[in-house]
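Below are structures written as structure tokens.
Two complexes, one shared chain (chain A), two partners (chain B, chain C).
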Partner chain A sequence: MSTRLYLLQRMSAMVLAPLVLIHLAVILLAVQDGLSAAEILGRTRGSLLWGGFYGLFVVAASVHGPIGLRTVIREMTPWRGRALDLTMALFGLLLLGLGLRAVAALVLP
Partner chain B sequence: MKGAHRHHPAYWAFVLHRLSGVGLALFLPLHFLTLGLALEGHASLDQALAWFDAPLVKAAELGLVVLLRPTCWAACASWPSSSCPGVTGSGR
Partner chain C sequence: MLTTESPAKDADTLQVAIWRGGTEGRFQTYRVPASANQTVLDVVTWVQRYLEPALAYRFACRVGMCGSCAMTVNGRPRWTCRTHVAKVARAGRIEIAPLAKLPIVKDLVVDMTIFFEKWQRARGAFVPTATRHQPTAKVAPHSPGRRAVDAGIECINCAVCYAACDVVTWRPDYLGPAALNRAWTLLNDERDGDPDGIIAAVSDDAGCHNCHSHQSCTEHCPKQLNPTAAIAGLKRASLMALLKGGRP
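Right after this comes the complex of A and B.
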């Protein structure tokens, strides 16, 4: 892995670690009364805080996921080169697009 | 000795980290697609959430959260002054 990708992977991991722990804690609290669209949207709609939180989450995951997947594929398969890099870049863009759409769905009034 | 590395805890941490990573990479797009259903209204999201309530899906999610531990552990090791229990070093 190049130094640039290694640093991006580490920095995104540093951002993701606390966000994942908070996300899991929120889920544990939220599911106690049953999980429903009304409960989720009641908490997130119009909230700049949750919008920022999950927006950051999505950006960090979109960087971290493809780099990690690229590493696993290179370790486990003979696939290398630009085709792999391009596929992972597209996967990152897919995650970013779907993730930001999900954040918009949850936060926008 | 061939395969001796498989008896080392670090090897299994490595395997679990890879498994959780691939599992999350597959799970995230589905998770985002599900949450995006809120754009279509409460009913669509509720329908998807009901599907996620199925025992098999819940078991898979629980497995993913359990597998997430080594990933989080590795991420915690990235912090320069890590305060995670049992985590030392630079995370390499």
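Right after this comes the complex of A and C.
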């Protein structure tokens, strides 16, 4: 279990590192060019590239975040055990659901 | 014996605050003659011999081999027999406390039971593959395994790394750097008969994956070992075992 979580945490971090940098760069470029929300949606709607990019981002973040949060909670509070693991799994699903909903709003026509 | 926090009167005198009692104890201050090449253990011994016969502390070899004299000196875990006063005294003052993260028995003596139990839990006991009646194993001195063992084998079990480890503070059940370093040396020992058992032991909930690589263990180790590197090696080995279909 520990080794599997460790592997998932490291692999999701490897995926997230470049995606976060690209995400930040895109934000800076979009703001500098003064794109409106409608113009941004015009570029993202129907785009497989942006759908895939942010879909992967959301999946990696919803794997990475709960594992890290579980570690922080276990180190900083007395909370342990199945209830914590289940709560973190639900937190991951919540992140996944909210994230994919946002991606759908970005790319679906 | 001093009971106030007045500064040391002259350069020939040290003002030494020593922890007395158990967990609920307090620091008591003593005045100790300073001398050249004096170690912190010399100071404690002087106090015990001339001022405080009931002072409890632990030592054996006095030459940095046995690992029994570790204490907290000015807030930092150190082997006291090889720590010169000149290196740690601040304006003629030293504060000496028992090693952190282990239960205090009395004064400067801590109960190291949990520390050694963790060695056992990390599969720190050698599992032989031969008996004494068989020829001695020939291990190539420059083989990668032997080199990895060499890098970590000089541990003296002093628990300085354990006392310095942040993760032990946050997770008291964490196996700790010394036990994991021991497991790493056994994993690289080609004579050991149960490497899978080591991987399973160090991959459990309190095992190597909890390490944050802060490197406090490496920073404080009096033998200049690198338990952080050993733990990183265990993480790699556990990942490889998992990817090869093992059971960590």
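Keep this in mind: the second predicted complex is superposed on the first by the 104 of 109 C-alpha atoms of A that agree within 3 Å, B and C clash if a C-alpha of one lies under 4 Å from a C-alpha of the other, contacts with A are read in each partner's own complex, and residues count from 1 in each chain.
In this text, a residue touches a chain if its C-beta (ideal position, glycine included) is under 8 Å from a C-beta of that chain, and two chains touch if they have at least 3 such contacts.
Keep in mind that this is a model prediction, so the values were computed, not measured.
Asker: Taking the superposition on A as described, I'd like to know which of chain B and chain C A:Thr3 touches: first, second, both or neither.
Answerer: In the superposition, A:Thr3 touches chain C alone.
Asker: Report for A:Arg74: first if it touches chain B alone, second if chain C alone, otherwise both or neither.
Answerer: Second partner only, chain C.
Asker: Answer with first, second, both or neither: which of chain B and chain C does A:Leu35 touch in the superposed model?
Answerer: first
Asker: Considering only touches as defined above, state whether A:Leu21 meets chain B (first), chain C (second), both or neither.
Answerer: The first partner, chain B, only.
Asker: Looking at the overlay, does A:Gly92 come into contact with chain B only (first), chain C only (second), both, or neither?
Answerer: Neither partner.
Asker: Applying the document's definition of touching, compare chain B and chain C: which contacts more of chain A?
Answerer: After superposing on chain A, more of chain A is contacted by B.
Asker: Need the overlap of the two footprints on chain A, from chain B and from chain C, as residue ranges.
Answerer: 75-76
Asker: Which of the residues in chain A come into contact with chain B in the complex?
Answerer: Within the complex, chain A touches chain B at residues 10-11, 13-14, 16-17, 20-21, 24, 35-38, 40-41, 58, 61, 65-66, 68-69, 72, 75-76, 91, 94-95, 98-99, 101-102, 104-106.
Asker: Touching chain C in the complex: which residues of chain A?
Answerer: Touch residues, chain A against chain C: 1-7, 71, 74-76.
Asker: Please output the residues of chain B touching chain A within their complex, sorted ascending.
Answerer: 18, 21-22, 24-25, 28-29, 31-39, 42-43, 45-46, 49, 52-53, 65, 68, 72, 74-76, 78-79, 91
Asker: Can you name the residues of chain C that touch chain A in the complex?
Answerer: Of all residues in chain C, those touching chain A are 167, 170-171, 203-205, 207, 209-210, 235, 238-239, 241-242, 248.
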